[in-house]
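Both complexes shown next keep chain A, but they swap its partner, so chain B is in the first and chain C is in the second.
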Partner chain A sequence: MANSMVESRHPWKAWIYLSPALVLLLVFTVWPIINTVRMAFLVDYSGLKAVGGMTFKFGIGNFSKVLKYKKFIQCMKNTVIICFITVPVSTMLALLISVALNSIKGLQKFLQTVFFLPYVTNSIAIGMVFAAMFNIVGSFYGTENELIVTAGIINNVIEFFGGKPVNWINYGSTYAANITVMVIYIVWNALPFKILILLGGLQSVNKQYYDAAKVDGTSRRRIFTRITVPLLSPMIAYVVITGFIGGFKEYTSIVGIFGESMGPADNAGRLNTMVGFIYDSLASNNQGRASAAALILFGLILIVTLLQLYVSKKRVHY
Partner chain B sequence: MKVELQNLTKVFPSRHVKGEEVVAVNNFTFTIPDGKLVGLLGPSGCGKSTTLYMICGLQKPSGGKIFFGEDDVTLLPPENRGVGLVFQNYALYPHMTVKQNIMFPLQNLKGADKLTKEQMLERAYECAKIVQIDELMDRKPSELSGGQQQRVAIARALVKMPRVLLLDEPLSNLDARLRLQTREEIKRIQKETNITTVFVTHDQEEAMSISDMIVVMKLGIIQQIGKPQDVYNSPANLFVAKFLGTPPINVFSGKIKDGKVIIGEEAVLDVPGVEDQEVHIGIRPEGFILKDDGPFSCKMENVEVMGRDVSVVATNPASQNPIIRAIIDADSPIDQEAETVRFAIKKNKIFLFNKETEERIYTGTEKGAKQKEVK
Partner chain C sequence: MAERIEIMHEKNMQKETSKQLVLGMVVKVLVYAFLILMGVIVLFPFYWMLNSSLKTLTEYRLSVPTFFPRQVMFSNYAEAFQAASLGRLFLNTMIVGLVSTILSLVITILSAFAFARLEFKGKNILFAGLLATMMIPGELFTITNYTTVTNFGWINTYTVLIVPFLVSVFYIYLLRQNFLQIPNELYLAAKVDGTSDFKYLCKVMIPLSLPTLISITILKMMGAWNSYIWPRLVANDAKHRMVTNGLRNAFRDTTGDVNYPVQMAAVALVSAPLFLVFIFLRKYIMKGVSRSGIKG
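Right, the complex of A and B next:
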């Protein structure tokens, strides 16, 4: 850059202009990252003990402990399952809904607003509503004499169609039922943003491509797979990558449905996620363990994102 | 395949409840002869693109019928009409290579028409050869120049072997030099394939240079149909006269009195048999002859020498344009310092138009009188 076009006579001026942002970034972003790495490699590091004057050995003890920890493996499993189900499902649904929205004329603005509403609603609040829909008030496993106040809206619907009510989230519910509720809720919660992005992408696609396809007698399915999806591929890649990153950081949605116990009453912590594990470790003053878990999460997100970027190089048409 | 348009009309509803409807195409009746290249010509908003889209089937006519040969295609969707359309901005699928773009229409064929991969490739290469892009088959549209993209678009339209080829402003996205080259190219491709071709343009030079026939339109109504040179030589009304020709025709306010054309105070030409009336007088730039004792005098402004010919810029109080432009032979001696310049007028380059209707008044002696019946 020896002959860069713009060269100031006072390079220090630039640093002054940059300083407010730089100071904030250094204090709140750069230092925490460095500190996380430091704590992750100090075996059994704890903030309290450090204040007390204790010193810690350098090593990978935190990582090996975390990876042997059953609770952590469960958290990682939950996170990965939720990610790999919700992201593809919500992306497909969002794609179909946005294509449908784009093809209707009347009510489009109204429906757009309806679909976008969940985005501006607090996810804990939505979670509580969902919990209420799946919740069984009263005893599910009791005798006939015991009172079931309500089996929840979802079970009412299932019963209406002649199915058997399912214990979704209450005492004694199965892991599969719990995960199903989480998946439904997270997909629903993830839709608005994806629809917004994809609809925006669709509306900027030149209508003449569709006219050209029409003149060529292209079937609707082929128009969708050969024209719409490739032309939307940059947006699809974007929502998939951000979806995975968001999915790996899933936490509030579990709290929304199950509360802080992160699981049904008889099995607290069963649905905990990696971020939840990190919070718990911090709360119990295990900063070393939390940092190690955070770095593992970072590594996972990095690998998945790199994989996606590698795939999108071939599949995405900018 | 001849294309017959009968009383074709397109009305767009108003945006407002109380607003007026827009009649984009009004009672358009015209038969496009088989294997000809026809240009729809007119200023923007005259309904020429709407007409093209109706022939294509992307827009439904509000009234009238369209025939391809003997088949009534008015209600058929575009894919069943056998048309190829080249869009103004080409609409090439950006994510496909040239080859994939050209093969795309073939892959849509179903049932008995279905082709094997080899047949498709063969057809694609055949079309690519016609438009001379067979070297570029593996490129993406973004890696092509404007002219090459245009050829790909034409190849994509041709590959289905359409009965009618439609081109929407095919040259408007090209630079001047490429435009000249491409219009020859279109003419060549049309001749080679012998497919009935309709193209839309607002550029009269473009239309005149390659069309077998032009249709001049204004506000949805056909003004004149004919061979380019015939329309130029014998415009049916003032609009057509003004629209065709560069530099444009010179228009004067004048009158007919005692069988003479009078501009200002000067009788410039004898037109026996025409009634006395107020008229618009149009004189083509090449209709002036420099003559010291010519009947028509103008104030000399300047002289532009452009190699092949000389154009005299002058003014006259009766002129409706700010200046008069006369193109004369480069060999004519001209005194640039002179105050006034005098012209004689070539009889076949002067047109008279009714003051009110702006319709052409034919002078009887000219063969253009025949044109009136055709219209």
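Right, the complex of A and C next:
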């Protein structure tokens, strides 16, 4: 009450405080939303041609073209595969690690820091380290005039345990091998955030539930599935949703491992993602196509998020 | 008879508890083994980066790897520093990081103050509208922003790396929540004393929300250090190139016969500042991250 009395004399004051943010938001956020939707519905829109005075028909041509475009389908496939493997795997692993971390006393702080370390990294830089670990120097098939050189530390470990080395990312590698490397890297990268959130959740769970279970002689597995997971379900829902959003926007970790060719030497672009497709379209001045792809990406993220919110409303126990 | 039963019962109980003790020990050992194994896996890439960065190329290429360099080659680091012209890249990134952090903090503080303490028409609708934009993936903005900055003539300048990302709705939201926790009585008392809004903001609210401001600073600096897509698109010339982009540019090949020791030395040099920041400001980073849900 008093507050509004003081302020009512200067209603314009708030707008002065807000003006820098609002001006920038208008130019770099609001206008792009309007313009991207506009370009998406102008068939074959290209910035260069528009400057040249060309006009474009209004319609959904960009969307139908993008969805028929083989490259886009491949990008979408890669994105979806990566998402649907990495999110469950990293969530399960993070849950196990968090529960384990929460149950110990000694070394807890130290291990917590260790598990957070991958977060403070540059995903391009550490991607290069992963590439080095999987890379084979020299010919994989060991032709005679090729030097026999390192097969990469991962293959060394596999051979040490009696397995056969795999061509992970080099010339002639398989799609499955490429995806495996990406999954390992992305899971490694995704763990710290998930552990941070889940451990935070576990530490705020009321100890009484566990004490009661102990008195009742409940088994560890039952405690885990009947107490820990339900009480933690809001945090689990949170890391799964943010995981999917991040997964749909995956791009730089692939650049980290494969470079800008987005695939092994003999198959450039094989691992390209939806975000990569948008940037490629932008680079070739196909703003119409890029906008349509961006809206499709937004739509997919929205659908998955709403679906998960719906599911968690039914299953999450608050 | 009854006594006997009691004794037997007690013995059984003892057996039970010792059995439970042993089981508990086994579980404890397994838990530690699991955690330490996972910890080793998580740390291994860092170890391998350092190990490789200190080897000679010949040693790196041995078909049986060495787990500690036979001949420690610190010269790889000097070579990497030169090959990627890291000095220039660090300087550019620092300029962009510092300027954008300072400007971003000013804008965030002013907006958060308006949303938390000032009254104006349409406040709630405007705030909800801002929050709604957080759902939209950044790529959607980039398409148009690329055209916009080209029209402004900003390509290959520092401006293009700083200005488009100065406003973060998320930071405004974070700081507003913090500001709202400061009791209103303080504000009213200051009003009665005739303190101006701006003075109150500087003297009371900013000091009281310093932890949040530090978190924002760190996240923003890390963002500059890790940004890749936008800088590659709009400022990929030698004069303005930033560190991530420069690293990728200097070492285009990731597979095949690459001079890995030098490449890994460059990676280690680029990662080092992030680790230093992490060691000294761990608390703020973890706090900021757990509330943000975003990576760098």
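Methods note: the second predicted complex is superposed on the first by the 294 of 318 C-alpha atoms of A that agree within 3 Å, B and C clash if a C-alpha of one lies under 4 Å from a C-alpha of the other, contacts with A are read in each partner's own complex, and residues count from 1 in each chain.
Rule of thumb we're sticking to: a residue touches a chain if its C-beta (ideal position, glycine included) is under 8 Å from a C-beta of that chain, and two chains touch if they have at least 3 such contacts.
It should be emphasised that the depicted structure is a prediction, and the values quoted were computed from it without experimental measurement.
Student: First (chain B), second (chain C), both or neither: which does A:209 touch?
Tutor: first
Student: With both complexes overlaid on chain A, does A:82 touch chain B (first), chain C (second), both or neither?
Tutor: After superposing on A, A:82 lies clear of both chain B and chain C.
Student: Based on the superposed arrangement, let me know which partner A:271 touches: chain B (first), chain C (second), both, or neither?
Tutor: neither
Student: Comparing chain C with chain B, which touches more residues belonging to chain A?
Tutor: Chain A has more residues touched by C than by the other partner.
Student: So in the superposed three-chain picture, is A:128 touching just chain B, just chain C, both, or none of them (first/second/both/neither)?
Tutor: second
Student: For A:182, using the defined touch cut-off, is the partner it touches chain B, chain C, both, or neither? Pick first, second, both or neither.
Tutor: neither
Student: Contact-wise, after the overlay, does A:95 reach chain B, chain C, both or neither (first, second, both, neither)?
Tutor: neither
Student: Applying the touch criterion given at the start, work out whether A:219 contacts chain B, chain C, both or neither, answering first, second, both or neither.
Tutor: first
Student: Quick check: in the complex, which residue numbers of chain A touch chain B?
Tutor: These residues of chain A touch chain B: 206, 208-209, 211-212, 214-219, 222, 226-227, 230-231, 233, 317.
Student: Taking the complex as given, what residues does chain C use to touch chain A?
Tutor: Where chain C meets chain A, its residues are 27-28, 31-32, 34-36, 38-39, 41-43, 45-46, 48-49, 52, 60-65, 106-108, 110-111, 113-115, 117-121, 123, 130, 133, 135-148, 163-167, 169, 172, 184, 187-188, 191, 197, 222, 225-226, 228-229, 233, 243-244, 247-248, 251-258, 260, 263-264, 267, 270-271, 274-275, 277-278, 282, 285-286, 289-290, 293, 295-296.
Student: What does chain B use to touch chain A in their complex?
Tutor: Per the touch definition, chain B meets chain A at residues 56-58, 77-80, 83-85, 87, 89, 91, 93-96, 104-105, 107-109, 156, 160.
Student: Taking the complex as given, what residues does chain A use to touch chain C?
Tutor: Chain A residues touching chain C: 2-4, 6-8, 11, 13-15, 17-18, 20-21, 24-25, 27-29, 31-33, 35-36, 39, 47, 93, 96-97, 100-101, 103-104, 107, 111, 113-133, 135, 137-138, 147-151, 153, 156, 169-171, 188, 191, 193, 196-197, 200, 220, 238, 242, 245-246, 248-249, 251-252, 255-260, 264-265, 275, 278-279, 282-283, 287, 290-291, 294-295, 297-298, 301-302, 305.
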